[in-house]
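Please find the structures below.
Two complexes follow with subunit A in common, the first pairing it with subunit B and the second with subunit C.
Showing the complex of A and B:
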């Protein structure tokens, strides 16, 4: 009872006495847990490395600057590969995602009982595994190289694209579909006239968004041997060629900034 | 004219026999409706929300599947048709919608031409290569409704009245025998509502089309349509000429309310219309 009476005046407090006590003990308990955890972590930390970290970081920084600019001549091809992996992977993913999305959307699936669960399974399973792991698997199956990277990116993107697309399909205005059906149009015509125009903005948005993500993902695929600039990054790291590493990071940064700019432009043009 | 007219000529466009629709929820939207619409007759379907007006219209072209009963268009029972035959039968019935139901991201021309989808193959329609005769007809219709200059605009750039005109063109380019019109004026202002109702009834007269027009505006129905059918709880409770729609009849259709003002308003409106 936060409202008390004292000397005839009504006093209001935020909490009752009981609530205050509970809160006080809550804070006490929290502090105790924090202190104990701190103790345990501190015991299992090699403090020498922590104290040494700024010095090492500074050491790497001085080794990595200035970047080895002339190395750029060897990066053109790998960054081009990386862009191609992202672009081709996205295109393949979209081709596969569109039918999956139509099979998964409640209002377009031919069978909600049998086909829809299969489509949803495809979406969940491709989405749940990281592209780096897909790349590792695919390298084992089809050998190292750009092709494995493209397929890894494609598989990883199917679920993402299909999920966003089928949500867009489920949100369409049903009246437009009814109107096209009422003209005597066939099933495919209803799709082409009643549904596709309505999901085009979503489709374009998903495509550039995923392409943008895939450029970032494809830069690391080389670390496991699936082609692209990651290959140069891992070999430079292995030989501790820090000026090359810094240059590669700069090139990746430039590529990502470029892709952000392109996708922002495309999205602006569509909507 | 109206009913007697059809009995004399014996030319029926549409006959509903014991048409019944029960939704999965158990709601009986239509209870054994019997209705005859002669060729060339325009009929207004009035009734409160939930009376089954929309369901009835959608049962005719089977956008909603009827539970039982027959829908006979000329000599064909539409409820017995397979998918292919149903699509061919739908070409005979143009439909006009409450919220226009245009494909918003397509142009006016594409929307009008979409009325020909039942006659054109998939790839031709996908590539927008409609027969020249269809394109000519589309231009003629747009000119008739005064939207020729809008042919290249996207549908979502148009005003409500303009969109409904495009909807009318889409229905008419099907070259239908029957128009199914679902609340054509519900989203329009009073003036545009009258213009649209006048346009629909005029076009029906020009082309000798039969039409069923769902409308909740009683005054508007009385103004433009020679036969009115009142629906309540899925049953026909009134069928006659507008003048027969008295306060008692309106009470029977809609329930207890003071109807005198509505009836007077209608008479005033008719005078105004006549004066114009």
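Showing the complex of A and C:
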């Protein structure tokens, strides 16, 4: 324990001198990096606009309120599209994520040396690219529309679902699997009766959780042209129709809160 | 099944228990789900001809990954990437610093009720708003450039980190905190010696996880003009320069993988 001797009395200290120095230099280094980063940001900022920001914000606020409520009649179809993008995307992703998860889990993979790295690569690469980028790519390939949105959400979700699923598979109770194996079950039967019942709650939880996230993400996919309510948002923004923008934002907020509520209820019922 | 005696069940064939035990609920769930799927598929318009034409371009894009072009747009890529990293670092630092007091305020066992309500309100607003929507608004207010992206990411970090920190503080061990209080510690000392050591490992882990998320998000903020690599990527897609786009995606995936590996190492060390 670091103790300082002073006038014959011992005073407790949290860190030794060496630790203190190391910490001090760590903080200094961190501060330096932050200062450099701030410098770069500040250089590419037009500060005149920033000082003007309160006035602009106030201006936008007065333009955006009150929302144009009658515009909501035109939002029915986009909301339905958004819901479809999220739901169908989640379903497709789950179908694709299950095999990937089984190939990636250490205890079920057929080959830890060759197949597992490939599965992990699929998980990492689909997870680290945002659904907007996937949408951008798919629009360049298959053209704008709801379908591109569905596929973008599906691809983006594979990695997330597969990662959580394979962690659940790796954490299963091995005794049950052994019990099923001891009855003389085949590989598939072991999977169906020994492993699947154990990961079913995790699977349902992941599905609902991801659906909730996908509702959020699909609301903005339209910004790049992949259908849904984001399409209306971007066209309203382009013509600076702020009352419509504020209504759309309110609708998106309501959708997000509602989906979070549904997902919390369902997960509460499962677990 | 639990109500029946074992004797009654002797001789009857074993059936797999259903995931949803209530048969009426199960049936209505299945029927509702199928009805929804049919309705969803009816309303999605897929231009299969366009998709078929696109397959060729999709294949070209896949091929582009085998020969990514880092060179011809090297300066754009480098600038965008640097901006993304700078935004990530600065926003993570500021976001973490702000989210600590808000996290303390949002923990019911530390903060008085008025503070608790205000901090929870901030967390709820920050979590309900999509990063990209916040970015659109901030770009409208502060002008194009990394400052808007930096503010967006900081704002999103606050919601994420404060909520998890508050939950961690709420579930901490009371005994230690009380022991510090009993020694006559002031409020600051109580937080420093009673609360902080308990939540620090998780806070470090979450902060690093958030850095990872911030980098991923910074890659798309450029789509709405908030700085970062997203703008370069968008341009590459628009010009059908798949080899450059592939190079950028490979860089993003590489950095995310490195960050994930790093965060794994650091989290293993602090926990």
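The rule is simple: the second predicted complex is superposed on the first by the 223 of 271 C-alpha atoms of A that agree within 3 Å, B and C clash if a C-alpha of one lies under 4 Å from a C-alpha of the other, contacts with A are read in each partner's own complex, and residues count from 1 in each chain.
Criterion: contacts are C-beta pairs under 8 Å (C-beta built on N, C-alpha and C of every residue); 3 or more make two chains touch, one makes a residue touch a chain.
Model, not experiment: these values are computed from the prediction.
With the two structures overlaid on subunit A, would subunit B and subunit C clash, or do they fit side by side?
Because the two structures are overlaid on the shared chain, the partners are seen to clash.
In this superposed model, does subunit C or subunit B come into contact with more residues of subunit A?
When the residues of subunit A touched by each partner are counted, C comes out ahead.
After the superposition on A, what does A:40 contact: first (subunit B), second (subunit C), both or neither?
second
Is A:235 touching anything from subunit B or subunit C once the two structures are fitted on A? First, second, both or neither.
So A:235 meets neither subunit B nor subunit C here.
Under the stated touch criterion, which partner chain does A:180 make contact with: subunit B (first), subunit C (second), both, or neither?
After superposing on A, A:180 lies in contact with subunit B but is clear of subunit C.
Answer with first, second, both or neither: which of subunit B and subunit C does A:74 touch in the superposed model?
Touch status of A:74: no partner.
Would you sort A:65 into first (subunit B), second (subunit C), both or neither based on which partner it touches?
neither
Where does A:189 make contact in the superposed view: on subunit B (first), on subunit C (second), on both, or on neither?
first
I'd like to know which partner A:200 touches here: subunit B for first, subunit C for second, both or neither.
Both partners, subunit B and subunit C.
Counting clashing C-alpha atoms after the superposition, which of 8-16, 116-124 or 206-214 on subunit C is the one that bumps into subunit B?
8-16
Show which residues of subunit A both subunit B and subunit C reach, each in its own complex.
193, 200
Taking the complex as given, what residues does subunit A use to touch subunit B?
Checking each residue of subunit A against subunit B gives 173, 175-176, 178-186, 188-189, 192-194, 197-198, 200-201.
Which stretch or stretches of subunit A touch subunit C in the complex?
Interface residues on subunit A, with respect to subunit C: 30, 33-34, 37-38, 40-42, 44-46, 49-50, 53, 56-57, 60, 80-81, 84, 87-88, 124-125, 128-130, 132-133, 136-137, 140-143, 145-147, 150, 193, 200, 204, 216-217, 219-220, 223-224, 233, 237, 249, 252-253, 256-257.
Contact residues on subunit B for subunit A in the complex?
61, 63, 87-91, 93-95, 97-99, 101-106, 114-119, 122, 125-126, 167, 170, 174, 180
Any idea which subunit C residues touch subunit A in the complex?
Its residues touching subunit A are 16, 19, 36, 40, 43-47, 50-51, 54-55, 57-58, 61, 82-83, 86-87, 89-90, 93, 128-130, 132-133, 136-137, 140-143, 145-147, 150, 216-217, 219-220, 223-224, 227, 230, 233-234, 237-238, 240, 245, 249, 252-253, 256-257, 260.
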